[in-house]
Structure formats: C-alpha cells, structure tokens
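My questions will all concern the structure given below.
Letters are used for the chains, namely A, B and C, taken in the order the chains are written, and counting of residues starts over at 1 for each.
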C-alpha cells in the first residue's frame, strides 16, 4: 500500500497554516495542521485535483483604444493544464468589438472550459 | 572621399565639444562633432553638480581661474540667447569650525584675486537668515552672489542644436578608434567611418588622454574621479536656497547641498579615483559617504525624499588645470582636455578660446552675420507657463494638452518636439535630457510606455528597437525569442 | 466657469465608487476627471482574478470589476472628463485641469474627492548601488507593458520585493515564457497575500528569499546581473552572502506611495506614516470640502475595501456639497458641542484612518482601518475610549500586508462624554 504525505500551505486566510495531507493509494486519509474546516477542504482538493483560473491577454485589431484584450478561463481548470491553455492562446487575435464574456477559445486545451474576454474593446 | 573631408573634427559632444562647435559655426568651415554615444551630453557633462561656480576655487593665475570667471559671466548671456535654465541663486561656503576660518578668508582673497565680484564673508546671524537650515555648527560663510545653478542637459543640447542649425554636423555612435597623420591632414577613424580633417579638437573627456597619446610624444594621463550623488524630490525643494558648500574640515572635504533648476535638491559628490573609465556605477561606500557628510553644513537634509542616486566621472589630471592648446609635434591637433570642475561653468569661455586657436591654425574666415543664427528656441517648459499661455499652446497644437509625464508636467507635444529638433532625440534618456520626462519622482514608471508609443509612431520604430540610451540598452526583448 | 456639486479627481475604483455614491446621495452634477482615456485606473492592467470576493461574492478580474462600477456610474448619470489631467486644486474648491480638447479649464466644485491612487516606489528611491541600465522596471510598469501593450520587458528576471504586484508579475512573466530566478524580500515576511505566494510562486517553483536584498546591479546598457545578499536583523547586507544572478531584468515591487502632490499643493495636511491626507470621520481632509479615499488616502490590499471607503467619501462629500452635515445626523437636530476625539495608536499599530472622530457627526457605525507594524500571532486588538477598553478581540494572526479594521459605534463614543482620545492597540492578553 503506497502511503504518501504532502505538505501544503493553506491559502484561505492570512494565517497560512502548514498542512500535512496523508494519502494512501492516492486517497486522502487525513489532513493535519489545519485550524479550521476550510483548511481541511483545501488540503483535500489541492492534493487530489488542484485547479486554477488562468488569465492572460491577447491582441485585438480594430480598436481605437486597445492593443490587447484581457481574457480568462471561465472557470478553474486543472492546474497541470495551465501551460496547455497558454499555448492554445498563442496566435489568437481578436477583432473589435469585443464584449465581456465573449468566447475567445472554446473548450480550451480539452478542458471543457472556454476562455472568455474580460474587457470590452 | 570628398564627403568625408572636414576642416575641423571635434571628438566628444559634451559641453566642451559642443561649445567649441557652436563658436566654430561662425566661421566658413566644415565642422563635424564625433561622439561615441547616441546623443550629446552623455559623459561628464550629464552627471555633475550642475553648478555655475563663482570662481574662487581655482588657483590664482591658472587657466582654470580665468576661464571660470569668464565663463560665469558669459553663461548669463548664453542662457538668454539659447534658452536654457540658469538660476543665479548664489553660493555659500560654510565654515563649521572657527579654527578653519583662515581657510575661508584665504578663499575670499583668492576669489578677489581671480576677479570674482561681490564676495564677502557673512557671519552666523546673517547666514541663518539667508539659509535657515544651515547646521548648528555653522560659524560663518563665504557668500558668492555670482554663483548659480544651470540645467547641464539644456546647456549642452542648446549649444549643440545651435551649432547644428548653423551647419555643424554631428556623428553619433562613432567612438574614435584611431587618429593618424596623413600628409598635412588627420585621419580620424571612428566606428561610423573615417573622417579626413585639417584640424582635430580633442574634447574626449575622460578619454582625452587616450586620444592625445595617439599623436603626442609627451604623454598625458587623465584619471577618472568618481562623484556620487543623491537627487531629492521636488518636495525637498526649499530646504536650501543657495548652493551650500562645506569648507573642508579635519574630517575632509564635505559635499554640497543645492537646489537644481528642475526644482529638486542635489547632494554630493564624493571623490574617488577609479581605474575603469566606464564605471559610472554608484557604490555602497560612496552613497554612505554622501549620507554621512550631507549634514555637516546643512541640517536635516531630507534624504528620505531621494528619487535617484547617480555617479559621474570627472576628467582629472594631476596638475589640476585645464589643458587647452595645440599639441607639440602634432600640428592641427588641439587638446581641450582635463576639463573637470568648473568645466561646466567655463564652457562658454573654453569654446571661445579653442575656437580662436583653431581659427588661427586653419585661417578661418567669419561668415556674414546674417547667415548665422545666434539664438535657439527652447523646448517648452509647462511648469513655467501660465494657464493663458498654455491655452494658447493647446489652441495651436492640442497635444500640448495631453500630459504624458505627470511628475514633470511634460506633454506629448514636447516629446514630439524633442524627436524632431536639430539634434533629434533617439532614445528615452535623450528625450529626458530635452524635456525632463522620466526625471521626476516616478522615474519613468508611468510615462515610459507612453513615450515608447510616441516614438513608435513618430520615428516608425518597432517597440523592440527603442532604447534607453543607444544600442545595447533596448527596453524590450523580442517576442518568443528564447 | 463650469460648476459641479462634487468633483472627483481620478476615475479608478475609488473615484468611480465615490461618484456613484455622490449621485445616489442626491447630488445632481457629479464629475469624474480622469487622466487616462479610459476609466478603471490600475484595474485595467490587473487582469488576474481575485477581485470582488467581498463586494460581489465572486472572483472577478480587474477589468471586470472596473466595468461593473463603470456601468453603474453611467447608469446613475455621473459625468466624465477623460484624458484630463488635474493640475491644481485650490482651497476654495476650484479644480484646474488640462486636456487636448479643452486646454486648461477650471471647474468650481461644491466638494472635491481626492482619488488619485498611488505610485510605485522606484529603484532610485532605494539607493541600490550599481549602474542605471535598461531592464529595471517597477512591477506595475512591466505589468502594463505585458498586459496592455503586449510587449515583453525581459526573459531572465529577478524580482525584488514580495508585494502583491511583484508576485502576480512573477507568475505572469513565467506564463509568457520568461524565467523568474527568484523573489528577494528584505523583510523576514512577505508583504503579499498568502494566496499569491502559493499560486504565483509555489505553483511555478519560484523561490522566495526572505531577509534578502539586491546589493548591486551589473550591466552598463542593459541589466546583466544582480547580486543578492542575506540581510541581518537591522536589514543590513551580511558580507560574504552575496550571490550573483545573471539576468536581463530586475523587477521591483518595493512599496506603493499615495500620490499626494495635488493634495499638498492644495494645503491638505498629510500623515508622515501613510503619506496620505489626515482625515476625520467623514474622510474629510484638513481643507474643508476636500475628501479623500482609496490608495491616495492609504494603500489598500483589497479593492473591495477601496470601494467601501470611497462610497463613504462620496456620500460625505455629497452631504457637504448639499449643505448637510452627516448622513445619519438630523439636519435640524440639536447642535451638540463639537467634541473631536483623536484616534491614537500604540503598541503594534502603525496608523488609523480616520485620525479624528467627532461623535456627533459620525455615522451610527464607523469603520476604522489600520495596519500593524509586524507579524503577530494570537494578539488582541483593543480599542480604548479614554481609559476604558470598549473592544478586545482576539486575532490569530496579524500581518503588515493585511489591512485590519474595527467598527466603532456612535453610541459608545457619545456615552463616554469626557474622553478625549481613542486608542487602538495590540495587547497580549
């Protein structure tokens, strides 16, 4: 049976509790070091399926004011897909007008999540 | 090649070289200034105390003493003609130890001998009323009403622009690699090509010895003497009203504390001889020395208002006098060397003296007066412009209403102007020297991207070609160029 | 001359929230003067997420957060002068600005709200020895270049200072293909949010070197290397600990300074601690009719608090312009003797905003914000009115990078009629 301990810092509040998450065969057995329930939940998620929102900006044509439009993944995506998302954004150019929420890349990097604009242009 | 044939080639576009160029532009002569940097005013001329010295420091009878006092007088009319900032704030040499008073009196005598006008010693009470933040130890001071402060960039750019307007050519990024005699002429080999000339003026600053030694039997040695400074924000302005020097004490030479024409306060310099003539870096020891010494003559110097620190190199020669004249055994090669402080003050007089020497060598004829433009319009200074005048400017050119630099109040129009003047600015620092942009408290944090956009538009440059101070100082890296 | 009830200087998050509040408090004519050609201020370049958790209960990016306030400001009828730089504010509330379209123009205000934000401390202010080559950027300037201009300031980066912008830029540069060698922090703790340390540094294996600083910059034209040394408890570099990092870029995230040049020239008294105006319970400065909010008042870490503070400043400015006293005070109620309580700080607390309170003029509840001077664990935040402790709240952790607040009740202050001061401090028990 593969037993593993992972050390993390909880990000829920400024306290920054040092967490020790114990896994057995990839299944969380316990979270230690936390001082509240949110720390327990964070520890479990962070070792099993850590996710992040990715933000970037891409060039836009035809806007009098803007050179770039900021974008984000509409929801969080698996952490190990961050650079895949960045690669998918390479070469993407938008044309004005752009509205907040416009889909820039659909189902980016096979995550099932769209990249959407976060700025009007 | 005929196009590379000159009467005079001036090496170095600092204040000396530019002053000589401007004076020579009055004559029928083809003149070229060659400069290793991308702009004028990139060496000693740009990093100094920016003081117009009264002239009591130099040894009586020296060339330095004569040119200082003469330069001080000429500077006032020059500022009028060429539109650069000069403020006659006067200077004080503060004595903080009664035992050293004889030294202050010796300075007074020397000044009188040098022909400095208006010098007198002020006692503590008067001193405090003149300079309320003078230190508690201050005993008395030498008051020099002819002392002042100048915009060293403005001065140098103005001289160069006026020279250019009158036909002097400028060759930048043209470091000199060799000077050789060829028949009756000189060949000046630069990184930007070889120039043939009847006369060479060596105004190469800390490198004047290298140039001199290429042609002279009697060798010269210029030592780079580093001076480090603190520049304080305009919020510190008014802490001193005059240029305040410290009379040397047992602890050594002090530093000066002075207002600048840009509304800042300057504190420095140190004096350290360095081997490397490129080492314009500040050092922990040097900056600590400025901090330690600034309080000797002035109390509570608000160093926390510092916006930048910098270092400059003076071209020091062991005899501590200017070296100006045709070099023995090298006919037509004229030294304008060892121009250390008070070189900035002396430059109008240096320009005349060197031009006279060159004129004699080349037998130059004066151009008709109506061919020569003696004045130069300056770059607009919005800080010194009334609301009404500012409105008139915006009416003529709306971009005077688009402020790019919030710290120093510089508009788009002034930056565009700097890019298209007789000596066009081609880098961020060159724009700074002409407009003041990036010189303020944010040190370019807000305005740099905006200036870049204007350069891109006006000069058709790619953003990645834009430099801080010439090739090698690109602000950006190529996209995707790992 | 143009005339407005309330003129707000700055169209960033503070200015927008203040303008909306001023309109909603009954002012007909509210003008925002913004120097940029767009509203939103610094939020435009803060393209990362994490804004608005308190206000909207969701994680927005900076531009999205700004857009919500911008839309609302338009809805309620706020007027705007974009591309206009304010050049002076007089004590009789005339604001002068300049723009391409209008030249220099004056606006008479019934009340002025200062919302100019802050600027970054530049390299020069740190007096780091060395050359002054290209490649030294404040993190915010680099952020603008990357996010708004699409330009790349460098490939091999060292960051000095662990403020949030520095941390955010460590990630951003990494995502854009640069290598960030390390983040050096002078203090023994980071000034940034824990979440940013994990998600911007740890995620990408970027080391955070606490108690380290840059001691030298190499490179005459462009940065070629920086030297980083460990510092002792007095924050002095320890000889022999220097390590050379070859790099082309040094990015600085070493502090933000409220931008109060206009305020100073208008005669507004400034705090030497925050470098922002000293304000009373209505966020009014020492110049009557001039109010302040957001980063020009004191540097915030969360935009939500900026919006809250600006909302209060906008309301109070509106009431001033309309000739009322305070939102909660009956206009024709009994005129109580003015009694101004000084807010003072002791052990562990660096400053408070506001710095004076007149209980008769305050809202029923007043938020007092403050920062601590070090990292503390298990301390009590205590508030004394006169000699009496009226609040004693345990905090697990307090850090300089996290703004704190206490809420004072008017009743508590009115009850203690003889007290002259309020003290906010940290206590061990």
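Throughout what follows, a contact is a pair of C-beta atoms (placed from the backbone, for glycine too) under 8 Å apart; a residue touches a chain by one contact, two chains touch by 3 or more.
What you see is a predicted model; the values in this text were computed from it and never measured.
Viewed as a contact network, the protein chains form an open path, each link joining two chains that touch. The most central chain, judged by the distance from its Cα centroid to the centroid of all protein Cα atoms shown, is C.
Spacing of chain A relative to chain C, judged by their CA centroids, is 27 angstrom. Between chain A and chain B the centroid-to-centroid distance comes to 54 Å (mean Cα coordinates, whole Å). Centroid to centroid, with C-alpha atoms defining each point, chain B and chain C lie 39 Å apart. Shared interface positions of chain C, defined as residues touching 2 or more other chains, are 148-149. Within the complex formed with chain A, the chain C residues making contact are 37-38, 44, 47-49, 59-64, 67, 146-150, 175-176, 193-195, 197-199, 202-203, 396-399, 401-402. Residues of chain A that touch chain C in their complex: 9-11, 13-16, 35, 52-57, 59, 65-68, 70-72, 79, 82-83, 86, 100, 118-120. Contact residues on chain C toward chain B in their complex (touch as defined above): 35, 83, 85, 87, 96, 98-104, 119-120, 122-125, 127, 129-135, 138, 140-141, 144-145, 148-149, 151-155, 177, 215-217, 220-222, 237, 248, 261, 264.
Interface residues of chain B facing chain C in the complex, by the touch rule stated above, are 230-231, 235, 278, 280-284, 286-287, 306-310, 387, 390-391, 394-395, 398-399, 401-403, 406-407, 409, 441-446, 448-449, 452-453, 463-464, 467-482.
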